[in-house]
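First up is the structure itself, then whatever we jot down about it.
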Amino acid sequence: MIVVMRMGSGAAEVGGVIERICELGYKPHVSSGAERVIIGVIGNDRPLDPEHFISLAGVEKVVPILQPYKLASRDFQPTDTVIRVNDALIGGKGITFMAGPCSVESREQTFEVARQLKEMGVKIMRGGAFKPRTSPYSFQGLGEEALHILADVREELGISIITEVMAPDEVALVAHYADILQIGTRNMQNYRLLEEVGRQSKPVLIKRGMSSTIEELLLAAEYVLSQGNTQVMLCERGIRTFEKATRSTFDINAIPVLKSLTHLPVIADPSHGTGRWDLVTPVSLGAIAAGGDGLLIEVHSHPEHAMSDGGQSLRPDKCRQLLEDLSRVAAAVGRRVDLADGVSAPALANAVGVKVNAA
Amino acid sequence: MIVVMRMGSGAAEVGGVIERICELGYKPHVSSGAERVIIGVIGNDRPLDPEHFISLAGVEKVVPILQPYKLASRDFQPTDTVIRVNDALIGGKGITFMAGPCSVESREQTFEVARQLKEMGVKIMRGGAFKPRTSPYSFQGLGEEALHILADVREELGISIITEVMAPDEVALVAHYADILQIGTRNMQNYRLLEEVGRQSKPVLIKRGMSSTIEELLLAAEYVLSQGNTQVMLCERGIRTFEKATRSTFDINAIPVLKSLTHLPVIADPSHGTGRWDLVTPVSLGAIAAGGDGLLIEVHSHPEHAMSDGGQSLRPDKCRQLLEDLSRVAAAVGRRVDLADGVSAPALANAVGVKVNAA
Amino acid sequence: MIVVMRMGSGAAEVGGVIERICELGYKPHVSSGAERVIIGVIGNDRPLDPEHFISLAGVEKVVPILQPYKLASRDFQPTDTVIRVNDALIGGKGITFMAGPCSVESREQTFEVARQLKEMGVKIMRGGAFKPRTSPYSFQGLGEEALHILADVREELGISIITEVMAPDEVALVAHYADILQIGTRNMQNYRLLEEVGRQSKPVLIKRGMSSTIEELLLAAEYVLSQGNTQVMLCERGIRTFEKATRSTFDINAIPVLKSLTHLPVIADPSHGTGRWDLVTPVSLGAIAAGGDGLLIEVHSHPEHAMSDGGQSLRPDKCRQLLEDLSRVAAAVGRRVDLADGVSAPALANAVGVKVNAA
Amino acid sequence: MIVVMRMGSGAAEVGGVIERICELGYKPHVSSGAERVIIGVIGNDRPLDPEHFISLAGVEKVVPILQPYKLASRDFQPTDTVIRVNDALIGGKGITFMAGPCSVESREQTFEVARQLKEMGVKIMRGGAFKPRTSPYSFQGLGEEALHILADVREELGISIITEVMAPDEVALVAHYADILQIGTRNMQNYRLLEEVGRQSKPVLIKRGMSSTIEELLLAAEYVLSQGNTQVMLCERGIRTFEKATRSTFDINAIPVLKSLTHLPVIADPSHGTGRWDLVTPVSLGAIAAGGDGLLIEVHSHPEHAMSDGGQSLRPDKCRQLLEDLSRVAAAVGRRVDLADGVSAPALANAVGVKVNAA
């Protein structure tokens, strides 16, 4: 950390900063320029809070040098974290493909789309049981009933389940049914919830807050990691900007930035990242070409009857087409979509064939 | 709601939209322009979800006409909501002044600042017991111990208490000690928490999410109101923008916008809205001149030793000066700062004198 | 400037940075922490460009310490710049009030509003001759004809004129007619234009780019100042954010931030800063309470027939009411609205009376 | 256009709106809902300005239905515009690759990188002669001397030139030397400049303003198109957001959005879109996978000595590697990088071979 003094600050003020540095167990390193004195804070501990210095007399600004997270950083763990979820590996050479409806609306709807996804070789299905909705008058999810439906899907079809958990006191319940616990964008800074999933043994996917910085996303991961749960994956799902043509602005830069800063797998959610089904395929391909480790895609058999997010859901045939295109792009960047063996659709089988040959 | 069809969409597509409108119990109203067909959705119910139409064939976009909230709107209740908190009235002619430390750090620190505020006539003190912090390594608040300290302050000094609640299962505990329950910026869309405070009988202050729209803030209020708790106040605390000179951008426009849309009191938090103590006074004056109903200010007797937010905390003498300036500005817009009678500081007493005469 | 090296960077990389520092005529100051080496760049010249270091091997980031502008800074000139425009002083104790139509639409319209403003005591009138419009199909202004009308207004009524200039080769023409040259928000980084107005002897008002930082605004001023024109005033006119309830988000924080960083006068434009006439008065009062030196307000006698910006224009009676309210708020912060003597409207005269007594 | 009336507005107010609609030569279409009257404005002309209605009594809001641009829209021209620049075709099946230094710094530097690019098969070189710089103290470009150097490069190496033009009175000069005129991000709304390049016969590349919406970018194109120059290409170069880890946020969504709205070619500039050379390759691949028609890349033989933008410039060997990776990704989406025949580098030749076979 660097403390920059105001122009004209005197010995007493510089002394006050030095005193505080020593009180905190660090060493000061003073450097006098032509216009400003700057004081380095030297030590080997975890990051300091700039608040310790900003109110001291004569201080103009405080510049952090070290990253404020540790366990999530590549400095701490240089090799990639790979997470096993039943027959799927997330964060290695493969591209993870998770798909399914925004909400679990009924047993029939859920099984219909699950069978379609299973047939495409998809190993992990998403489906919302508890839904955070902007309006209290919107559909709020089926809750525990939805968890039972998802458990039956898993049992009958052998597909893994990712679903969102919204409150600390629901974590145990959701963890009982789900293979991956999802923290939604509105809860990325719900620290009680992060701590609670940090105490579970199930993998956790953390969606970036829609106006959270990359650094804050890594600090949210740090909350989970610091409780002992090391199976954390991050999800870029678009940020809020001035642009109104799309619901969010998918931050593709975040993918290579995260891959350089952290060892955790990075998943892309172009359904929320664009808010429009017709943009999902191009942005999905872009996200994987840019180095993403997987996709989380909303798929609904009848989007026009979906109880939430119909406008951004792919129909199954579009999803199948996406998988074909994706297989080619994955191969182009030296990777392979992680699908179950023996998928039936001929077109997809061909695409997978091309991919295997090319890889 | 208006459904705009794509150029060239035909009778089948228009028919599909009309069918859906009728299914949902509304009436269609078709209007054919030179380039586009647009279809109005007529009905007398609460707002429709655009999702019902956006995935239908031939639909280009869906434009909501009505506000998506109801109980929070001035259409629903034209007269201002006024909330009584012991000897204070929030939302009427008076300007509410709430102040205190970011965090309750110790009994001594809390009583010291409480006595100073009491002496200035401040009726409501803020102080964090549970602290949502971006980093898991930052001070997290004293928790229940802090609530005991705040309760003792209230008992001994007769000052009301506002403090934050972070999780649904802590609401009952915090409501036991606090006079006003605060929902923090990171929890504005924590719907479980909003529902839980909606079931309490204590007033609630909802801070705007740092990247939430005004409409989303009103929908958060709607969550609380729809559970039966009508004592809700809103707090503008700055939004996240590209500007880096300040921690947040205080959205002063939001004050008159909210006053026109809702009957709920509107409080300003320039401490978080600027992030710099030297900007707190000018922005506080601006917020009240623009029509705000009150202020929430961080005050610390020794900001350089504060465990959080020291950089944006006023020292007590600066707080006293703010109160003097504020009294004059409040009078200029026909209002009066709501302070206890007989405050002792002569300068402040004078200012109050001016104010009383002018009002 | 501080150069932060990557973890694990070695002597060769540190040496490379030191070599570059010396090449540029500065001195290095190396500081080795537990995890990172950081190198201070010491010298007494104007700010360095971080580009010199960011591509060097082993460099993680470069942190500027000094402000990149000089002539605009309070470090360079501690006392406020005060600009005389005929009978008005901008940047001193007085509050400057500039008002008028968005566009000069006709001789009749311009004279009608000019007479109304004159009667209120307004000393400076705004009116657009050349209009930068987002669409090529919108009204583009009357151009030189409008300048003639404005010149006649000045001649007949003795009111000073501020109008926008859009291109370097129009500067001389506009400077011939106007008292203040306005640089619009879309041209804040039109450097050729800034240089050209920097060579004029007329005062310049620079509007903040709608997504420019405060630092970039000061650098735009630096372009003008560095050409020799020291009569520069800055204008906060709202920035672009995610909030859609208003056309722009008026950045009230920018007012005290600018007042602390620069000696130049700071004007507020709540007409563009809100985009809604019903928000202009509260935000104007807020801007002055927060320390602004003046206002730039759109006023139109018949907003419903305005050829541009009708939705954000005040009618003359609302403008008169704003002036009354403003006089009280200005007095509350120890200032006085700078109006011509002997204004006729009784209500306003009263307000001014109150103000004079209180000041 | 839809005019939404306030709740409770009466016959006189509705009548006023209808009268205005008729005055303007349109037809009204009134629709009375339970809470609001809404009035459609029907006509076959180009888009109306909402300003005509927003100030009328009783109007709550005005909702545009049609796009405000025409010549740039796919409704106007469904087939893709393809632009020929010597031996290159922009906007067809091929992927255009434009690269070169941020600034022309010297004859030697320019020829060195030009030869390296030529060897890779690059057909179009970028190089700044006039540089818009945030600070007046930064390198401003060599100006006309740089244009002579670029002309010599073109003459000797047969490579086409794209370079920026900053002011209307420099357009003729730049158009004399350049093959493509570039409008920089800070000038996207410099309408005088847009009009002037609209009167030239050279192709124009318009960079999106760093905080301009997609709609505003299309309106900037409309300015050029409406002057008669139909050879316009658009460039996504990142937008300004709250995220600070990268200089800009590259808006990948904009690529498929633009491809759906307009027939004009869409180029990506990941150098400015990220601001970091190590992110250029992944984001370039992402942009092309998402449907972009080309790339504009900063390449410098010695980035650590670049006079501008060194931090985001690729070294030639990294550029060559990007071209190899790009060839595979282009093939995966059914396209081919448009390079000169017989490029020499074996690795690149191989990559191109793979591409040809796979396509």
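Which chain is which? They are A, B, C and D, in the order written, and residues in each are numbered from 1.
Keep in mind that, in the parts below, contacts are C-beta pairs under 8 Å (C-beta built on N, C-alpha and C of every residue); 3 or more make two chains touch, one makes a residue touch a chain.
No experiment lies behind these values; they were computed from the predicted model shown.
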Next item on the list: Average the CA atoms of each chain to get its centre, and name the chain whose centre is farthest from that of subunit C.
Entry: A
Item checked: Chain pair, A-D or B-D, that carries the greater number of C-beta contacts -> A-D
Next item on the list: With chain centres taken as the means of their Cα atoms, state the distance from subunit C to subunit D in Å.
Entry: 29
Checklist line | Between subunit D and subunit A, distance of the C-alpha-averaged centres to the nearest whole Å | finding: 30
Check: Any idea how many Å lie between the Cα centroids of subunit B and subunit D?
Finding: 40
Next item on the list: Would you please write down the residue numbers of subunit A that are in contact with two or more other chains?
Entry: 211, 240-242, 244
Checklist line | For the subunit A and subunit C complex, residues of the former touching the latter | finding: 2, 4, 7, 29, 31-36, 38, 40, 42-44, 63, 65-66, 75, 211, 240-242, 244
Check: Contact residues on subunit C for subunit B in the complex?
Finding: 211, 213-215, 238-239, 241-246, 249-257, 260, 273-274, 278-279, 282-283, 285-291, 325, 328-329, 331-333
Check: Which of the residues in subunit B end up touching subunit A in this complex?
Finding: 20, 46-47, 49-52, 54-57, 68-69, 132-139, 166-169, 186-187, 189-193, 210-211, 216, 219, 222-223, 226, 240, 277, 303-304, 306-311, 313
